[in-house]
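In the two assemblies presented below, subunit A is common to both, partnered first by subunit B and then by subunit C.
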Partner chain A sequence: MNMLKRRLVWVLCCSMLTLTLSGCEFRDIDLRLFVVSIGVDVSEKSPDLYNFSFKISIPSGDPKTGEEKSLLITEESDSIAEAIRQVKSKVDKELDFGHCKGVMYGEAYARRDISKIEDWTVRRRDMQLLMYPAVAIPTAEEVLRAEPPTERIAGNAIFLALSEDGTESPFITRTYSFDLARRMTEVGEDPVMPVVEVGEKNVLNINKVALMDKSKVKVILTKDETRLFNLLDLRNLSTNFGTRVDGELIEVNTDRTRASYKIVTSPKGQEAIHFRVRIQATLEEKEDIKLLTPEEIKKIEGIYNKELSKAITDVLEKIRKTGRDPLGFGLRYGGTHWNNKTEMEEWAAIYPHIKFNVSVKLRIKSTGYKQ
Partner chain B sequence: MSSETHKTHLNASHAKQWLQKQLHKVGDIEERELKNQEDHALLLYFKSMCDPVVVNEDLINRFYELNSLKIYEEFIRSFPSTIEPAEESELMRNMLRGCVVVFIQDRVLLFDAVLINAGDIQPASTENVIQGPDDSFTENIEVNLNLIRHRYQTANLKSEFMTVGKISQTRIIILYDVTKADESVLEELRKRLSELKSDIVQSASEIERHTMHPQLRLFPTLMLTERPDRTVMNISQGKVAVLVDSTGYAILLPAIFNDFFTAMDDKIQLPPIGWFLKGIRYIALFVTVLMPSLYVAFTSYNPEILKMQITLLIAGSRATVPYPSFFEVIFMLLAMEFLTEASVRLPKAIGQTACVVGGLILGTAATEAGLVSNIMIILVAAVAVTNFVIPINMMSSGIRVTKYIFILLATFFGLVGIVLGVVATIMYLTSLRSFGKPYLKMFAVEWSNKGDQQSG
Partner chain C sequence: MVRNKYFYYLFLLNATINLINYVPRILIQDRFDGALISILIAIPIGSLLLYTFTKLIQKFPGEGLPEIFNSMMPAWISGVLLVLYGLGWYFSSVITLVSFVDITNRYVSPDVSPIIVLIGFLVVVALSARLDSESILYALEMILYMTVPIIMYMAWRVFSNPYYSWDAVRQIITHLWDIPNYRTVAAATYIYTGYINMVVFNRIFHKFRVKHIWSIVIVSILTLAVSIFAPIGLLGAAGAGEHVYPAFSTADSLRIRYFIIERMIYVFYVVYMCLSLVNSIVHWHVGKELILGGFRLKSDKPESIRKKRKVEWWVLAAFCVIILASSMAINQYSLNDMAIVFLDVRFAGEFLLIALLFYAVWRRRRRRKRA
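Coming up: the complex of A and B.
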């Protein structure tokens, strides 16, 4: 017992001593600078050089004032590793990428090849895999420089939008960096990225999706196409659809949406994808204020079904024409066929001439009218 | 014990001489000779230990009222606790306890006139309940036994009397329900109590310390309680209670981890509320043990785990703090411990002042001076409050110490250290045994024969 006590006191003394010897490797939270997002642009000077922008969040002492401070450092370099070392010599604290949640690829850069940076972000130990990659228009630096007035923490506005934690827009296609990296190597499914634009008065506008040819942006869909793409890609997309019935504007708000498809491979030469889209909606806006009868609702539903089927077929055909497969039809085909050696080649032959049969069933659940 | 069972009895004159020799220089001894025309008797007793009213009424007055010495002797013998000692050591021991030695001719009798200085039954002070009985054990073992028998009225409640402590001769009673208690536990208890070697046993916790193994440990494996209702409930669950004279506490054994998180309120409240209260206590356990160490780990090793808002908040409020996070935590926690300790020891009137002053300095001034971060104050307050949520004081003290081990681990190894610490603690707790029963067994009563009570 005595021996044990003496030993315990000895251990305690030693550990108390070592506590005072914290070296310079021990960096507390206040000795770190948190890089919240990274931007990559092509340099105008040379095709081999890139502009790397780092947005660093500066903690404010008083959280109540709500002021947000950030620092944007742009470095020109041929590699990002080199750029980081250069930035390190410009700041007084340790750079920490643990909270880096966004990589913005400038449009010009994204149309070239993003694989190098994407690989770096998933390779680095301290980077999170649930980063939000996005295409930035006009440049990544511009997007990072924008500070929307609603933002309370530096760089947070863009993540709140991209993650859909904050706003829930039907035009935002949420993409994580692990998913991007997976799709970049996946056979039969191509990556997509949301597009962030700097609008007037520092407002960020995210309403398009970029379809990618594995590592470079191939085509950017328009706003309405993006919405339909999201309708097909996601479940329970909350959006509105407008149409005109006898010249009168009608808008519905979707409650539940569900898209499913089936690949039909026979007869040969007439392969088709049957898309079934089920939408449950409430009537939100209508010019005429009189009450609707069930027959009129049926009529509105019929018009919607026709119009949406047409619009969706157009989008699918547009996507097919680019040769890209962001919805993963190829992966489904490969996954449901057994001839492992040849199935993807077969798919490559089928996909260019495949037909889309889209059937939309929109049901207006409620007229939204309270009596 | 009646005199008939003794074949031999002491020689009065020898005994008297022996006693006088032993009691040389003992000031509070009273030697009174009673005489009438033909007879005489001698009373010998400790003034401090005997009740003077009893001595006057039953011994002195009667001597002159009763006509013959024969009747007087029979009168004394008629008291149930009167003993005729067989040997001198027995004589001495009972005298020290508070018996009057009565020499009648060549007979020696011990008359029980023990003076009991027990206060009234006080309300419980360390285990408070909101609605429920307020009684707590007194310093008198007989009163305590009475309190228990009153609540547990069956002949199955057995009581075994023992004494421990070579000098203190502390009386203890082992209480158990013979139909429910585990014989192996009883055997083990008797063995350990008989092995107890200390001279003085003054408190129940001393018995706790001397009988349990290993001696160096953070978590109590015996329950000390001052509440008769808790004792009764535990006895009804098949546990063994040990009452110790001259302390207001009983020992309950075997005790498991969960027992220390049970308050008597749980049974008084409606069951879902009882479960909620118990849940709160376990949450409090984790908060008080892990919060400070998590703070160290998050601020110094793994800031990426927190949300960005919190990260920046901590970083911002730590901007003026001149030393590393673990110093901050240890300083603040030590300051809090000093406050707690001071408020226990100080008289009530001053204690309040000390707390207010200390709290002000810690809470406001330290943050405004930029010595500690705001978050740290919240954390210390949370740790202090949650620590007091644990109902049994011995356990909450153990937990108080445990958190420093976790801080140390977090300081050296970050989050990994904390995880290892949790694993090690669980392994340690499962390895503990309380009288052969696994300590971390979460429910004291087997599910198969579970009644309306689960643990205590």
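Coming up: the complex of A and C.
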């Protein structure tokens, strides 16, 4: 028993010793400044220089009071590592990137080549793979400077919008940096990023998606195209779709959506992608005050199916014309063909002339409280 | 005396720890060069090795490898063999601990010196490895009950993630018919290697029998599938090869929404820290017992127990010094090479062990006939 006690004391002493040793390099939370977002822009002075913006949150007592404070430091440099060291000499506390959740690529920069900074965000150990990358219009600095009045914690608004936690808009394409990194290296799948614009009164508007050629932005889709792209990309998009039946406006709200596709390669020369989109929806708005009968609902569904099929086909053809493959058709082709050496060349020959057969099945499940 | 269920725990421990010992990285490195076919080959080989070993060790109830070898071989041969096996088994924990220190520095606390982290680990491992075999098995059982459900939850989160790319997995599956190689087969059979711990723990098993070997096969197939496909789905068929620790990068890509912490990596880290420590404790215990057996130290008389205790401290001290020295000497690349060498040598060593056990069974039968 005595022996055991002595040994226990010894172990305790040892562990205390290690604690004190580790204490000398670790900085406490009140000695840290949290960088919450990073922005990258091209510099006007020289093509080799970039403007790096760091949005730093200043911790204050209670987030409920809404008295958030933040600091935006912009530094010009040719590498981000250098810029961070320059910022470090401008602040009094240690910079901490553990809570850095957004990386904004200014439009001019994103149209050039983002791979250098993207590689840095994946490589650096304290950066998460769960960051939200986005294209910023007009510049990353302006987007980071904007502080929407609804923001409670400094820099928080942009993450809430880009994540699934906050607003649930059908126009926001959600992506994470691991997803971006994956698509940038994957053969047969191209990256996408949401586009953040600064609107009037410091409101951030995110309703477009940028299609990228491995490392640079090629095309930015319009708002409606973005919604259809999101419908095809991920499941259960909650959105509205509007149409006119005999000149009267009808709007439905989608509950469940699901898109699946199949690549049909025969006959040769007439390859096609068969898209099936299934939507369950609820009637939300209607101009006509008459009560609806089941036959009329059938008719409305028919009109929707036709219109949406047409719209989706148009979007897919537009995407195909840009030569980009954000939905990963090429990867699917590679994953379903066993001739690994030649399959991607085959696909490159097929994709430019492939046809899209889209069949939309929209079902109105309920008409809401009223008939 | 312990019951047969502890054998399954020893298997499960090695199966789960493969993520730290570079198995996923080796599998993913060869994902376009026969990793899958190597896995398919490794499954029957690994299960057969495990099955044969359990059948052979059943012939020696209550005996460990030192007793078996010392009773049938000249002293110097059995001494050399036991010390080599002991060192080999200890080497496995060197890789686990050194890579886990590297992981700690990379993902959790970059500010703390790696030596201090390592000393913290070594204090726990060295002191616990001296406990008797029963206590170690009971501790192992408890740790597994706490960690395995969390591992299953994390695996479920990976495969149900909307960003999980099944097409990338299919792309890898179409690379099935490539030529397998020894290195990948050796890495994949690591999942089954937990049975080797029985060379020491067999001493305390009561009527050792293994039933339901199919359950071990199923668990091993699932483990291998998670090891290779979880990183490929989230980090991409091409992109998974870029990461130093694919399993950790995969965990970093997971987000827990309704929980106190937001990043899965912290949960993953704690779970794997527990498993790495308990795995090292088990391996040190086995390695130490084999080496002591190699020097023919027994614990039957009070006199010899005291002597064994003394030598034990020296062995453990040597273990600590080797790890400290190697952690200072090696870098990321040599650590990876070391892991590959270990996995390759271990695979060959397993065959040798089985052959030696066959020989032992044959010798013993002959001796019995003569008597």
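Assume the second predicted complex is superposed on the first by the 341 of 371 C-alpha atoms of A that agree within 3 Å, B and C clash if a C-alpha of one lies under 4 Å from a C-alpha of the other, contacts with A are read in each partner's own complex, and residues count from 1 in each chain.
Simple rule for what comes next: contacts are C-beta pairs under 8 Å (C-beta built on N, C-alpha and C of every residue); 3 or more make two chains touch, one makes a residue touch a chain.
Please read all numbers here as calculations on a predicted model, not as lab measurements.
By the touch criterion defined above, A:Gln128 reaches both subunit B and subunit C. One of subunit B and subunit C touches more residues of subunit A, and that partner is C. By the touch criterion defined above, A:Asp96 lies against subunit B but remains apart from subunit C after alignment on the C-alpha atoms of chain A.
Within the superposed three-chain model, A:Asn156 lies in touch with subunit B and out of touch with subunit C [touch as defined at top].
By the document's definition of touching, of the two partners only subunit B reaches A:Ser57; subunit C does not.
In the superposition on chain A, A:Lys223 makes contact with neither subunit B nor subunit C. By the touch criterion defined above, A:Tyr176 reaches subunit C but does not reach subunit B.
Once the two complexes are overlaid on the shared chain, A:Arg32 sits against subunit B while remaining clear of subunit C. On subunit A, the patch touched by subunit B and the patch touched by subunit C overlap at residues 15, 22, 26-27, 126, 128. Interface residues of subunit C facing subunit A in the complex, by the touch rule stated above, are 32, 106-107, 109-113, 116, 119-120, 123, 127, 162-163, 165, 167-171, 173-175, 177, 234-239, 242, 249, 252-253, 255, 257, 262-263.
On the subunit A side of its complex with subunit B, the touching residues are 1, 4-5, 8, 15, 19, 22, 26-30, 32, 34, 36, 57, 59-63, 96, 98-99, 101, 126, 128, 153, 156. Residues of subunit B touching subunit A in their complex: 215-216, 298-300, 302-304, 308-309, 311-321, 324-327, 330, 408, 411.
The touching residues of subunit A, counted against subunit C in their complex, run 11, 14-15, 18, 21-22, 25-27, 122, 125-126, 128-130, 164-165, 176, 178-179, 181-189, 234-235, 328, 331-332, 334-338, 340.
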